[in-house]
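Presented sequentially are two complexes of chain A, the first with chain B as partner and the second with chain C.
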Partner chain A sequence: MSDAAVKQNTVFVRPASSFWGGETPVAVVVFLGLALLPLFAGGYPVYILPQYLLFGLLALSLGLLWGFAGIVSFGQAAFFAFGGYAMGLVLQAGLGPEGTWLAIAVATLVGGLLAGISGYFLFSAGVRATYFVLITLALSIIAEQVAVSQSQITGGWNGMFVDRLSLGFGPLGEVALYQDVAAYYFVLPVVAAVYFAARALTVARFGKILVGIRENEDRMEALGYQPWVYKTVAFSLSGAIAGLAGGLYASHSNFVSPSLAGVLFSTEVVVWVALGGRLSLFGALAGGVLVSALSNYLSSIAPQYWQLIVGLVFICVIVFFKQGLAGLFADLAAHMLPRRPGGQRHG
Partner chain B sequence: MQTVVSVLFDVTLITMVLALAAFGLAIIYGLVGVINLGHGAMLTLGAYFTWAGIDAGLPFFIAVGVAGVGVGIVGIAFEHLVIRHFYDRPFDTLLLTWGFFLVSTEVVKIVFGTSFRNVTGPFPGAIDIGIYSLPAYRTFVAALSAAIIIATALVFFKTSLGIRIRALIQNREMASLLGLNIAATYKLVFAFGAFMAGLAGGLIAPMLSIDPYIGNVYLVRSFFVVIVGGVGQLLAGTLLGSFFIGGAETIIALFSSQVVAQAAVFFIAIVILRFRPLGLVGGR
Partner chain C sequence: MAELLRTSGLTKRFRGLVANEDIDFSLDAGAVHCVIGPNGAGKTTFLSMISGHLPPSAGTISYKEKDITALSVAERARIGIGRKFQTPTVFENLTVWQNIELAVLRPGGSAGTPAAKIADVLEAIRLTDEVDTLVRHLSHGQRQWLEIGLLLGNESELLLLDEPTAGMTAEETAATGELVSRLARERSLSVIIIEHDINFIRDLRAPVTVLHLGRILKQGPFDVIAADEQVREVYLGS
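Let's turn to the complex of A and B:
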């Protein structure tokens, strides 16, 4: 009953009917552009962009959950950090270049399993969306404290060193990602692949059922779906993507520390997605990349005022622009291309 | 014997201080249904306002009172500008009050800086009662907390203002048809919750070192106090929830570290929420 009020606020957006409609062409162009970037620029941008892309992937993990299932998690950073620690621990086991694939898989699985278990525990009891936020907030506090207190494993506040990856291809040899360009051309396709897979999932039946649950959970239940199963699967997927992003981030930045699991970072992810556009996967991804990049750049110039502006913009987005930047672009596109079907509502 | 008595006193003091910290949240969440993630920031503001008041030469209790009123005014401003348009969308109020936290924290950092501040409490000593000596200031705060909660409950259950507020919670449409000013009553309740949070922040300030994130410690705990106790159960819910959260943390901390205890209590609270989503008091 209380969830009825939650639903009122989500602007109804028709699920995209085809993969190639809507945002996909934009995403293709942007990814192609990024693929060409190292030809024109080198040095710092090529070093730092993969890290922003992985923040974008973390934002996408929340966008999938928030935009399509209508669930907000304030604990995505916990999966991100645990993915990072898992990556570090498996790499430390010294399994050679072939073991790298195992490390990537374990980082993804750790995120997915943690989310799956907590999701099953909570959604099977019908825990409300508002309580879910508070519980995930508590989970990220617990995760941070676990990371701090288990210092013999995690290194405590000092964090853990994580080596760059070296991918083994059996008899074909191995590809080391110590060079920034190599790392760039590994992270970019992974982020693009996850984005397109998630995009395909949201336009498929699964995504439509999720949107149905977001719009009216009782009706979906009456139609014979079990909402908690879909919510649990969506949350697991979201946790797995966050774990993968965290594992790759830890390896790329050579470092994972408890603050990556904490409440402040978790809620930063919420801000990225809100600004980027919670109803668009590409909006969420772009929000993560752009806002984290801007934060990093501006916090060296005007550290305090930048965070203040982010907070004020966040409130304005919730009040006035439900669909964030992606919504603004969609409006703009609708004006430029009048042949689009009319009647689209934006909050 | 000595340990039992000291644990008993510890648990009582922690329960009452936690109840004080959570009370503003219990009011705003329980009465007007706003999931106030800005509660922690309101506690922080209260602590800083108190520090600033003392710095300006005010006596401690006047400074705490001014801090409470100050946070109450900030609360009214926020309610008037933003929250009042969203009472029918609880999930948006959650995000908006989180935005309040982001903005308030940054403003505190800009105005007061990020270094630790200390407030000296008015009663530095201890009360010796034979087998145990109570920290005087904490004991005073615990007693004050009990007095505040009981006084609020009396207003709520015994005055016409209380009847009006309860009528609003039970049936908003009917209450407004009977001539109740909904907007004003909601604003009053929100302001009172913010005032209580500011007061609590000021009173807690001498027990801790103040930094811009001090309220966060209490934010999640306060929520668990309110939810575990039962949303809307102002008196029994807040006390029972605080007893449960504070007491469990104290007892678990006897056997392990403070960090493990906090994580364990959060975990237990999550399990309780899963099986009793209406809280321990709210049975139906």
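Let's turn to the complex of A and C:
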């Protein structure tokens, strides 16, 4: 086929997704809005939002895995909590403000390595679907038990105190995050940067391959791919993001305890992502932020019934909006904006 | 023509059942070859051993004079062996473009713009008008062609086509025959086709191997095979 003919064809056979299409403009607007928030609101919202954003980051870690590779993990809380413990232990070593960067890196690496090692053995052995879910459930139980039993390191049920971060910039000095506004302006760009990096990854070759594996793993193998390698990398990345979120969360809330590693919290993460929309990274992120905020609010006004209310909302969304809130908004946008032929799974 | 594929003493047993026994088969580069036989003759098992989906119980498979018997499905795909399954195995929830793109992006693929390669494949399988269509909305015949397109995008040199006209209309069957002939002629691809449609096989004018009870019963040109008493008795039924 001649170049001219190819060019003519590629006018309409455009790639189905691009970084700046779909959800990215929405995410840009929301992050910019959040960046302006401390100018108009102070006090509790500025204190608590970074923690919700970090829950959102944890949800994003599962969204990347579940939405794109089709892998459901009930082990995300384990990586989150171990990231928190790693952050606390490195900070306790007293390496000073420069050591803070090391603590952040170690928290991320611990989550990534735990996921990478378990993923390697599970995926290379051909463990799939329900069996993988069950093993990640066991992973959460093991992580919680380790956190309880190794009390000389972790503090057991009493948990571990983790100090707020103080970032060293060499000769330029240091920036302490003891003030809520400073912590806010550190966490927000980190969450935004991880989101945009993950978004870029999902529209790149790697993300497309993950979608192929989600849709038909056997066909991908027959096309020359080794799905277990991509799944292991995706699980490692997901664990690393969860570890980073856990490390920053522990520092921001000054505390990490075994319950953060457990099955209950892991299940909450799955609920966040399902509600937010597993096929959208921003949906997963927003699900983590909004549902954890809603849970917190409901637990303060209806301490005995809040889990029941969240459960009912979960059932309604699963029954009526299988693609979660992101799917609902995408459908609304599709009705309001001019339609294009065909369909896209990820815009 | 140089030899592309050779199987020697290829045998597959499922416990007590012998699905393929002692199959010696060779295919030249750029050749089209049909495999026919009654249900249960071992045709799909034969293709599955070549594509790596089933390990042989005995015998060897060589491709471009290299022993590939121990290679995995993915490794065989990367050296150019592409499999089209009996039921179209495509990405139902993705668009036609996205399907071909996944084939084009495979590890170790040749250099070049993916968009140009995808456009080329879509042209070859006549699906340029369906580029943004979700595959689950395609007709059965179009899905069969799309799966052949996956093999083209994957740069397969040996196409293993398992009943490519199953469930097709007469027009679609004729178009599929034309497509296979064109791919062999214009792209020098080698093709092994399992088919039941005798008219389709006749029109291809390709050599035929008849399998019966897991063994090769006869090999030769279609006219000779069609006139063979033994073949007529076990397969053609007259």
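Quick note on the criterion: the second predicted complex is superposed on the first by the 318 of 347 C-alpha atoms of A that agree within 3 Å, B and C clash if a C-alpha of one lies under 4 Å from a C-alpha of the other, contacts with A are read in each partner's own complex, and residues count from 1 in each chain.
In this section, a residue touches a chain if its C-beta (ideal position, glycine included) is under 8 Å from a C-beta of that chain, and two chains touch if they have at least 3 such contacts.
Keep in mind the model is a prediction, meaning the values are calculated, not measured.
Engineer: Going by the contact rule set out at the top, does A:Phe169 touch chain B (first), chain C (second), both, or neither?
Structural biologist: neither
Engineer: Where does A:Leu223 make contact in the superposed view: on chain B (first), on chain C (second), on both, or on neither?
Structural biologist: The answer is second: A:Leu223 touches chain C but not chain B.
Engineer: Would you check which partner chain A:Gly212 touches, where first means chain B only, second means chain C only, and both and neither mean what they say?
Structural biologist: So A:Gly212 only meets chain C here.
Engineer: Could you tell me if A:Val148 is touching chain B, chain C, both of them or neither one (first, second, both, neither)?
Structural biologist: First partner only, chain B.
Engineer: Determine, under the contact definition given at the top, whether A:Ala274 touches first (chain B), second (chain C), both, or neither.
Structural biologist: first
Engineer: Is A:Phe19 touching the first partner chain B, the second partner chain C, both, or neither of them?
Structural biologist: neither
Engineer: Can you tell me whether chain B or chain C touches more residues on chain A?
Structural biologist: On the superposition, B touches more of the residues of chain A.
Engineer: Which partner does A:Tyr178 contact after superposing on A: first (chain B), second (chain C), both, neither?
Structural biologist: neither
Engineer: Check chain A for residues that touch chain B in one structure and chain C in the other, and list them.
Structural biologist: Touching chain B in the first complex and chain C in the second, residues 5-6, 9 of chain A appear in both lists.
Engineer: For the complex, which residues does chain B have touching chain A?
Structural biologist: Touching chain A: residues 35, 82, 85, 88-92, 94-96, 98-103, 105-107, 109-110, 216, 220, 223-224, 227, 257, 259-260, 262-263, 266-267, 269-270, 273-275, 277 of chain B.
Engineer: So in the complex, the part of chain C that touches chain A is made up of which residues?
Structural biologist: Residue list for chain C touching chain A: 51, 53, 73-75, 77-78, 82-83, 89-95, 97-98, 101-103, 105-108, 115-116, 118-120, 122-123, 128, 131-134, 150, 154.
Engineer: With touch defined as at the start, can you tell me which chain A residues reach chain C in the complex?
Structural biologist: Within the complex, chain A touches chain C at residues 1, 3, 5-6, 9-10, 12-16, 205, 208-209, 211-212, 215-216, 218-226, 340-345.
Engineer: Residue numbers of chain A touching chain B in their complex, please.
Structural biologist: 2, 5-6, 8-9, 72, 121-122, 125-131, 133-135, 137-139, 141-142, 145-146, 148-149, 263, 267, 270-271, 274, 304-305, 307-308, 310-312, 314-315, 318-319
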